[in-house]
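Both complexes shown next keep chain A, but they swap its partner, so chain B is in the first and chain C is in the second.
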Partner chain A sequence: MNALLVLSIAGIAALFSGFSNNKKLTFAIVLLALAAVFTVNALDWNTSVRHFNDMLFVDNYAVAFTGVMTLTTFFIFALFVDYKESVEVPNAEIFTLLFFSLAGGVMLVSYSNLLMLFLGIEILSIPLYILAGSKRHTLTSNEAAVKYFLLGAFASAFLLFGIVLIYGVTASFHIDTIAAYIKNTNGQTPALLVAGMFMLIAGLGFKISAAPFHFWTPDVYQGSPTIATTFMSTVVKTAGVGAFFRLFAYAFPAITAEWIPTLAVLAALTMTVGNVTAVFQSSVKRMLAYSGIAHAGYLLIALVSLSSNPASSVLYYLIAYSVSTVCAFAVLMVVQHVSGSEEVDGFKGLSKRSPFLAFITTVAFISLAGIPPTAGFFAKFYLFSGAVKAGHLWLTIIAVLNSCIAIYYYFRVITAVYSSGSDSAPVELGTVQKAVMIVTAVLAVALGLFPEMIISLL
Partner chain B sequence: MITIALLGLPALAALFLLISRSAMAKQIALVATIAELVIAVVAAVQFAQNSSVQFLAEYGWIPSLGIDFKVGMDGISLLLVLLTAFLMPFIVYVSFKKKYDNQAAFYALLLLAQTGLIGVFTSLNGFLFYFFWEVVLIPVYFLAILWGGERRVAVTFKFFIYTVLGSFFMLLGFIYLYLQTPGGSFDITALQSLQLSRETQGWIFWAFFIAFAIKMPIFPFHTWQPDTYAESPVSVTMLLSALMVKMAVYGAFRWLLPVTPLAVEDWGNVVIILSVTGIIYASCIAIVQKNLRRLVAYASIAHVGLMAAGTFAFNSQGLQGAMFQMLSHGIGAVALFYVIELIYEKTGTMEIASLGGIMSKAPRLATIFLIFILSTVAMPLTNGFWGEFLLLLGVYKYSAVLGTISTLTIVLGAVYMLRMYQASVLGKASAATQNFEDITFQETLILSVLVVVIFWMGVQPGIFIDVAKPAIETMLSTATQTVLN
Partner chain C sequence: MENISAQITQVAPLEHYILLSAVLFSLGVLGVLLRRNVIVMFMSIELMLNACNLLLAAFSAFHSSAAGQVFVFFIMIVAAAEVAVGLAIIVMLYRNIHSIDINELSKLKW
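Entry: the complex of A and B
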């Protein structure tokens, strides 16, 4: 809860820091603020306190997910120091928007009342609608903002309608009360409640871009400034999956038969659509958008096998995914700037232009592809073993086949990096940018070698 | 402790090379691989000849999932570790004359691959085995894609996708086995003592087999192999054919046969028929090859096919033959690719048609080449003889028909190998071999080491067979008991 307070204050402070034209001051303030959020959040570990009349329940689960989102945001802010793409919104305002969005994310992983779920989604999304359109004079950016906003509003309506239906049946917004109500019906779950639950699935599915609610993702990811795309594909996904997991683990564990088949189909569909479409992309940014969809599919498997997949497997997967994605986007930002395109061909000859960058790209994409010794591998392994344990062997086989497809397109980038390109000017990197790349790449390998420190958390 | 030293030394040397970017990279790498060989020999001397796992080292790694860092060696592992340690100095030395950009990285990656190989051969935990199995692939991928021939990018890409595809199914198999163990463990003893139903074993068998079949490669999973061998830098071709192929045969020995004996009984015939088909198929293609490296690549498919047939015949002769042949084939592959590389250095071509007349210009090279070829075609007194003899015996015991067909491998092998020798070494000198100089004293000395080992293993095969025999017999008797129950 304190994290939420600090975040809100930080957002306002960042806004005012814009009055001074000292960019360095702004960066110092926002990075320090995030460090403060991280610390304050970590202090809540093992306290499990209910706040605001039991609207928020800050348990270890919430603390861990908040920690991941804060850390990811920290990396993204740091990347902004050497950011080259022109964004026609002052830096201070971008930070403010991201702070508020992060606050929405924190609510999403710590709610115990469906109203907070709805509020969280809105607070998370509205700043992102603005950010998506922040390249005001670019057509694609405008398109991204309009698409994201219209479809997002549509999804929110579904979510709200679902909440209302559930309220109509159970007379409560509180997830524990809802769970207790379902338990008392002894298998005779009212159809309205199930309908409400499916609407929640649709609304949340939109946020984590699960198929068939994913159509906005590629256009929005591609049109938005890369820094916003990075935030959307990491922090927003973490928040959305966190909310999803919390909802089904706390509110609907008694009626698994109602939602497991649906989610299993969604998972299979999401993985397949994401991976197969990613194969045909020539733009790396768009490819990462589809790969993000695919990863949402793998994460849905964790939800389907909730009985044997502990929260730690979702947490570990999200950490591995976030770290590798931030690393990949960090490289993409540089390549975009120096080669003027975000196509796979833009990566050609990178190993000659900057061996360092080539190495970082390799680590990031190997981790996304899920090959040892990286975190991406252990994440998949851990998640798949949970799924097999829960008896979803077929779903796991589909996931394994999908992982093979994924290797194809991830390695296309790595292969491009090491093939010869036309341009040979060396690439200059900013210090902070370099530091972020090193830290995320090291994390991607270190977490893969020593996963115990994360999986024993939850 | 010795096992940890074997694993750590190449990794540390690689790390040193990567950080220091030393100009002496190749010398450092050579010293490191020779030091590794010394350690391996010390291990062999200390090894007690029984079926137990020795030099055990065990550390907790991911305790909450039952994953330990557990390594050790029994006879089977020890022989393959020795093979790796013995061949690596040659694999490093053969690239000495090459002018590669970024040498330090090249040799560092070779050393990393060695760590991965030793890891595969010594892991006693399924997760660790899979981990090393995949880790080997990464340095090899980069070696091939950074320093390979013209078509390297497409070829390496295919090779990589192919092998990873196979490995993923193996991972699924491991996960399934892991969940069947009481309390959840990847430990080899836990996995081997599982009592699975016949049907389950069948599924597990195929999940593992696809991974191994692609790596070996067994017909019809072999299509990545000839291109990759032809396009990779010579060190990598050696690494792939001499050592990485053995990972798959070893994997079958350690993780497939003891865990799924019932499935081997059910499906062994399918695998052996595939292998024998592969032998004939690859041999026939080898006969018409025009490029030396591609010819040896297809010959390799044929030889590995026989190894697979012997392994899955699952009797004492077959397994021991496969074990012995792994060593012979490893040494033979390095030897042949070494000679081909020397010819290539001097003439700039690997096309058989443009060679010839080397015998008159370079008698030393020609003689050594002949010895290597005779070992490959299983000439008595060379190591190749014992491996093929035992393998054929094993397959014959399994099925007289298949055994008889497999015997063709020797006939066809003689055809393509001697034909290659005749066309490239004998006859009149061509334009390319006009000014062919014989190999230097130093090169003769290096190749002589291989010659000595080839004859040593050919004359005293017992020394090598006895190392792995207890482990193989124990595995076989345990599995037979399971089948009888």
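Entry: the complex of A and C
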């Protein structure tokens, strides 16, 4: 909970630091603030306190997910130091928006009342609507903002109606009370409650871009400035999956028969749509958007195999996915700047221009594809073995087949990097940029070598 | 609170409130899906939110619990924040393309 307070104050501090017109001061303030958030959050470990009249329940689950989001945001902020793409909004304001958005994310992983779920989603999304459109004079950015805004508000209305229906049946917004109510009905769950639950699935499915609700994702990811895209595809996904998992693990464990078949179909559909469409993309940014959809599909498998207690494998998957994605986007930002395009062809000849960058690209995409010894492999391994334990063999087979498709399009980028290109001027990298790439790449490998560090946490 | 609850269900049974809200909500959904003007779509979303508000107030009276009515205030605040951001985005769009027709937005395609 203290993390939430520090984050809100940090957001305001970042906004005022913009008055100084001193970029270095702003960076120092925001990076220190994030380090403080991380520390304060870590101090809550093993305390499990309920805050604000039982609105938030900061258990180890919440602390771990907040930690992942804070760390990812730290990398993203650090990438901003050497960021070249022109964003027509002052740096300080972008940091403020990201801080507030992260605060929404923290609420999403620690709520114990559906009111906080709703507020968390809105606080997470509203700053992002602005960020998506922050390149004011670029039409693609405008389009991304309008689409994200309209569809985001549309989806939250569904989420809201779901919450209202559940309240109508159970007379409470508290997830423990709802769970107790469902338990007492002994299998005779009122239809209104089930309808509400499915509307919640639709609203949350939109946030994590699950398959029938994913249409906004590629457009928004491609049109937004790359720094916002990085945040959306890592932190927002972590928060969304965290909220989704928390809701179904805490509120609806008694009626798994009602929602597991639906979510299983959603998972299979999401993986397949994401991976198959990603194969046909020529823009790496758009490809990463579809790959994000595919990863949401894998994560839904964890939800379906709730009986195998998958909280820690979800956490591990999200860490692995976040560091690899940040690493991939860090490379993409550089390539976008030096070659002027985000197409796969822009990566051609990168190994000649900068062997370091080529190596980092390889690590990032290998980890995203899920090839040992990187974290991406073990993340998939734990998720899929949990699904087998819970008895979803067909889902696991689809997931493995999908992982094979994924290898194809990830390797298209890697082969482009090592093929010869027309341009041969060496690529200059900023120090901080280089540091972020090294740290995320090392993390992607180290987490793969020592998965127990995370798996034993929850 | 019990008083209100009794009065409200005397005037009209709870099912009527649920039905009315569901109809309003569906009208909002249809508006978003069928209309191509960004502002009208936005109004339809507000209609969906207000359908939720109405239902929340009805349930709140029915259950004699104030939580639902408090929730309504939060929805109003969030809706106001969304209006601020949403209208800003629409103005930005209008300045660039001199139109608020959603069909004009087709730069991003796969």
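The rule is simple: the second predicted complex is superposed on the first by the 457 of 458 C-alpha atoms of A that agree within 3 Å, B and C clash if a C-alpha of one lies under 4 Å from a C-alpha of the other, contacts with A are read in each partner's own complex, and residues count from 1 in each chain.
One rule holds for everything that comes next: a residue touches a chain if its C-beta (ideal position, glycine included) is under 8 Å from a C-beta of that chain, and two chains touch if they have at least 3 such contacts.
Only a predicted model underlies this, so the values are computations on that prediction, with no experimental measurement involved.
Enquirer: Applying the touch criterion given at the start, work out whether A:F95 contacts chain B, chain C, both or neither, answering first, second, both or neither.
Expert: neither
Enquirer: Once the structures are superposed on A, label A:V146 by its partner contacts, choosing first (chain B), second (chain C), both or neither.
Expert: second
Enquirer: After lining up the shared chain so the two structures overlap, which partner does A:G168 touch, if you call chain B first and chain C second: first, second, both or neither?
Expert: Only chain C; A:G168 stays clear of chain B.
Enquirer: When the two structures are overlaid on chain A, which partner does A:Y408 contact: first (chain B), second (chain C), both, or neither?
Expert: Once the two structures are laid over each other on A, A:Y408 reaches chain B alone.
Enquirer: Applying the touch criterion given at the start, work out whether A:F206 contacts chain B, chain C, both or neither, answering first, second, both or neither.
Expert: neither
Enquirer: Looking at chain A, does chain B or chain C touch a larger number of its residues?
Expert: After superposition, C is the partner touching more of chain A.
Enquirer: After overlaying the two complexes on chain A, where does the chain B footprint on chain A coincide with the chain C footprint?
Expert: Correct list for chain A: none, the interfaces share no residue.
Enquirer: Can you check the complex and tell me which residues of chain A touch chain C?
Expert: Going by the criterion above, the answer is residues 115, 118-119, 122, 126, 129-130, 133, 136-137, 139-140, 142-147, 149-150, 153-154, 157-158, 160-161, 163-165, 167-168, 171-173, 192, 218-219, 222-223, 277, 280-281, 286.
Enquirer: So in the complex, which bits of chain C are touching chain A?
Expert: 18, 21, 25, 28, 32, 38, 41-42, 45, 48-49, 51-52, 55-56, 59, 62-63, 65, 67-68, 70-71, 74-75, 78, 81-82, 85-86, 88-90, 92-93, 96-97, 102, 105-108, 110
Enquirer: Quick one: which bits of chain B touch chain A in the complex? Just the residue numbers, please.
Expert: 61-65, 102, 127, 130-131, 134-135, 137-138, 142, 145-146, 153, 156-157, 160-161, 164-165, 168-169, 171-172, 175-176, 178-179
Enquirer: Would you tell me which residues of chain A are touching chain B in their complex?
Expert: On the chain A side, the touching residues are 351, 355, 362, 366, 371-373, 377, 381-382, 384-385, 388-389, 393, 396-397, 400, 403-404, 407-408, 411-412, 415, 418-419, 451-452, 455-456.
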